[in-house]
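By written order: A, B, C and D. Residues from 1 in each chain.
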């Protein structure tokens, strides 16, 4: 099939390469021409403008896949829609808020244009490993995109089949799923990322505890501002985190792809010295928490993982200062100095 | 090698079967004779008493592997130690508190007996899949047990090798690791289980949010005690959780063994109706949190996951009643009734 | 002044009584005529309809104070606005979402009608103790309402003055504050309630720990599904919670009005037996968390307090079942039974 | 009565001054002679050594009150006990771990010496306001100390009496309580401080949200690493936090002594610029969490408040780096830079 890819960043490029590897043809446009140009080597047609990309999309209904930061999707759509015709299909494969999919689908439907939201997981490894695709939209549009989804998804052989599933392989087992109407794909992807935040934080906290397990060997101040280390002689270990992460990869209950990646990072740099520890969040974790709150479903873990990211960027500091102010006020307590 | 296995429960049995599959010989004792007897079919020698088991352990240094609930380990050791000789090696493969390993190793060392703590992960699947082994003890004792560990662990081929590891395969890549002196194995296993709690909770919370995503279709009371559902029309989805778990298994960032198992459970029973939701915790999650607190390392996620289990068993109810009492007192608020 | 009060529930009645006690006159309407009728004894004029209430509001600009559940405010406004004239002032004293105040103020401004949002704290005790009022709206409208706010607020003498404040008493020191433009009052009240949730939860959790401090005196199962009680002999206390709450009321760092109320509840019923522990939440806690998430400010405590309420109502149960399913799947673990 | 005070820091000095104000006589010893010397002006007898202090304690049973950092209590007791006689009473008024009180009471009882643990709340204001005293020990020893407790506590008139209490004023209503046997006083004080951490954090988080409520007025990056600010136009407020804290002091549900102190701090410096935000914790918060974990009582709020303090001191940074490493590994994500 022919597909117009808007956005040739990390994810857009990986999609294009995987599609070309399976015989599809992509027209690529990126506001940064150099990014698009890098895809020429795999056979992609590079367009110089959005209009040029749409024109090169061929006769008949066109498929335009947006792979741009969520904050830009609205603007890109604003430019794109006037170029489209009834019957065209717009796919938003980025990390947009699912509610935007709902309203965009409604407004495009009035023009006879289909809008399909595709949550796309797998990161930069997806080119080779395949992408997990969570899809929202009308049944007709999803059916139209089936060859694309079959190419992009990892396929049933990429993991052992689950017991008790019926014999016939469903699309879920191939790695793509029509989750429901508009927004359903981005909703499921949103929750996927919420879970991702939680699992990352669980692993990170565990590693941090292991890393501190030798604290009993250092001296500690004895003053009214410092909690004594309980049972210091039980904290005399010197764990090699790269080996620990590695050993957990085989046979343990916590084996996972995130652990595989973490083991690789630690094998390069067990102290993670090249990182500052300021962790971004790109929206889905926030929306997951807001959905949990709307729905009245407790989500202690997912929320704590999100807040940890906020704190990592210094966003807790006013609250911390307020604590220091109170402690000074009631007890004359001094702040800890480094 | 010959090994005396004390405890033929789920885990002990799986270990014995895996060892026999590789040509080792186990002497098995369990306080429940029927449990031990089931292992005769795979060639194990069944003993009728602890003393009988030790006697059947052969000449020379004996290896006694305890695989009993943590709460019983102390009592079993009390009975066992008088039967042992200098040079014998005791392995605690259960989920004991790592501090017990420290003190037990010290007191057995005075008798010339080695004590090795082995955190054993992999659950009942370990028989076929291999176990992830986290080991603490002296280098000499660990070396003595090497053939056992090589058999029990999954082996390097059970997962792709990590980039940047040196060419020579280490034991960590085979699935077993000498983590440090006494207690180190159980410490690393403790944190492993803490992470496990966090990852389970992350997945469970995400599934619960998806399951509630159709709340906008039901009516809701409009009184001062009920928060209105924000933006109800954005919560009209009807997700099939078995398919969602399945699709995440391939290509997604959150693919993991726990997800594989969850997909299997959901494929049988998406509503999980046969469960009550009262979740046990067996110690390691608690000890992980207590270590985090001792060490001053924040562990929001691991702790929240632990507390969620406490709450699942009704342990929050007095606090909840106190909240109701306060709300009545300041605002005349009534409690919610089912 | 004359004021039209729509809503004669717990809060509306208390406001009317305090206003009449200071010589103001209220016209009262409630959809439940009996509720309004109870205010006749203090001199209030009872109206039989919304239109009747507005008519009785006197000549010239009228002040209409809405004190109805947030879920009904929109509907009441829909009925009310056609009855109003340019110059009238509508006050929303309920627990509405602050964003509704922003949009309502905009749409009423087009008709020349002022909209003032007043977060009202103090509960049913406010009649005698005075109410804490957090006000949003135009300076002109707030000035018009000054006599009302001065009557309703507790006054500067109700607490010792804060050091370092300028000599001249500000309205903040009287217990009412113009916080900013439309929505500002409800925003500050929203955060106030978020803090309230957190403080209630802190106290409730502490009491629950004290109540369990005798757990060491009971027996405990010794199986692989039950964590052993660490150091049972350190948990042999039998605290009298009514006395503990009482002693904290004088001289302690945690003395507060919520503690006073809690001590009163515990003095009646230390076991809080007449409560089920199903705790409602009425919106502000949720909106506070959503604001924290929007703003990227970590709010671990306020969020945990909110989720505790969700859990108290059984909303964690699907997640709990998912945990049980995973534990069964990987370890053959049984659920805990009561 | 005559009392020997060991420790003339902030708290010890305040106790001595309050005791002298009521006609008691204190002998004071501090390892820093200057600290003790400052108490001469109020009539205290200053000793140059621990032995000198004990000698000056008068004939007959002596009362020695320790008011030293918890980390030093053991050492001070080691020096003190050889100087004591059967019948003497040792009081630990510091923030020691309650388990230490249990073991110290046992070992002193063998010498006929009483040990009484007194949790002392009230901070430096206690000199004038009185202290809240939570007492553990034998009934006989507590009775012996009654005149001291009656002087130190605030007295029944310092707060309105609670409804439903019996007519006769109990000691709890005076501000001191015999909570139970050895350790009971420090246990209750431990939980008191746990609650204190939670209440401080609730207030601090709320203030931090208010302080960020103008974020909608600033620009924000639009890239894949930055979550867009949801509904920016609803975050255009500019709250004066000193006024907000002040208005909450009168009539609101969250009025408390901590709020009074916070309002005073904010009135001096609403930006809290002189604080770094590195918040110490002195043990009780940790022990409270560990008790909650031992007892299986969920304490989400108290624990989050504790972890926030750890994070404020940079203790989350390795976990944060691990998150960055994972994000780079799976998605090629860059870290956020300031």
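Just so we're on the same page, a residue touches a chain if its C-beta (ideal position, glycine included) is under 8 Å from a C-beta of that chain, and two chains touch if they have at least 3 such contacts.
A quick note: this is a predicted structure, and the numbers were derived from the prediction, not measured.
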{"item": "Centroid-based (C-alpha) most distant chain relative to chain A", "value": "D"}
{"item": "Selected pair, greater C-beta contact count between A-D and A-C", "value": "A-D"}
{"item": "Chain A and chain D: spacing of chain centres that average the CA atoms, whole Å", "value": "43"}
{"item": "For chain A paired with chain B, centre-to-centre distance based on mean C-alpha positions, whole Å", "value": "28"}
{"item": "Rounded Å distance between chain A and chain C, as computed from the means of their C-alpha atoms", "value": "37"}
{"item": "Touching two or more other chains - residues of chain B", "value": "123, 201, 203, 205, 208, 212, 227, 230, 253, 257-258, 264, 286, 290, 293-294, 296-300, 304, 307-308, 311, 313, 316, 319, 330-331"}
{"item": "Chain D residues within the chain C interface of the complex", "value": "98-99, 102, 121-123, 126, 129-134, 153-156, 158-160, 162-165, 170-177, 179-181, 183-184, 187-188, 191-199, 201-203, 205-206, 208-210, 212-213, 215, 227, 229-231, 234-235, 237-239, 243-244, 246-260, 263-264, 267-268, 288, 291-292, 294-302, 304-305, 307-308"}
{"item": "Contact footprint of chain A on chain C as seen in their complex", "value": "253, 281, 286, 289-290, 293-294, 296-300, 303-304, 306-308, 310-311, 313, 315-316, 319, 330-331"}
{"item": "Chain B - residues contacting chain C, complex", "value": "9-10, 69-72, 95, 123-125, 200-201, 203-205, 207-208, 211-212, 222-228, 230, 257-258, 261-262, 264-266, 272, 275-283, 285-286, 290, 300, 304, 308-309, 311-314, 316-338"}
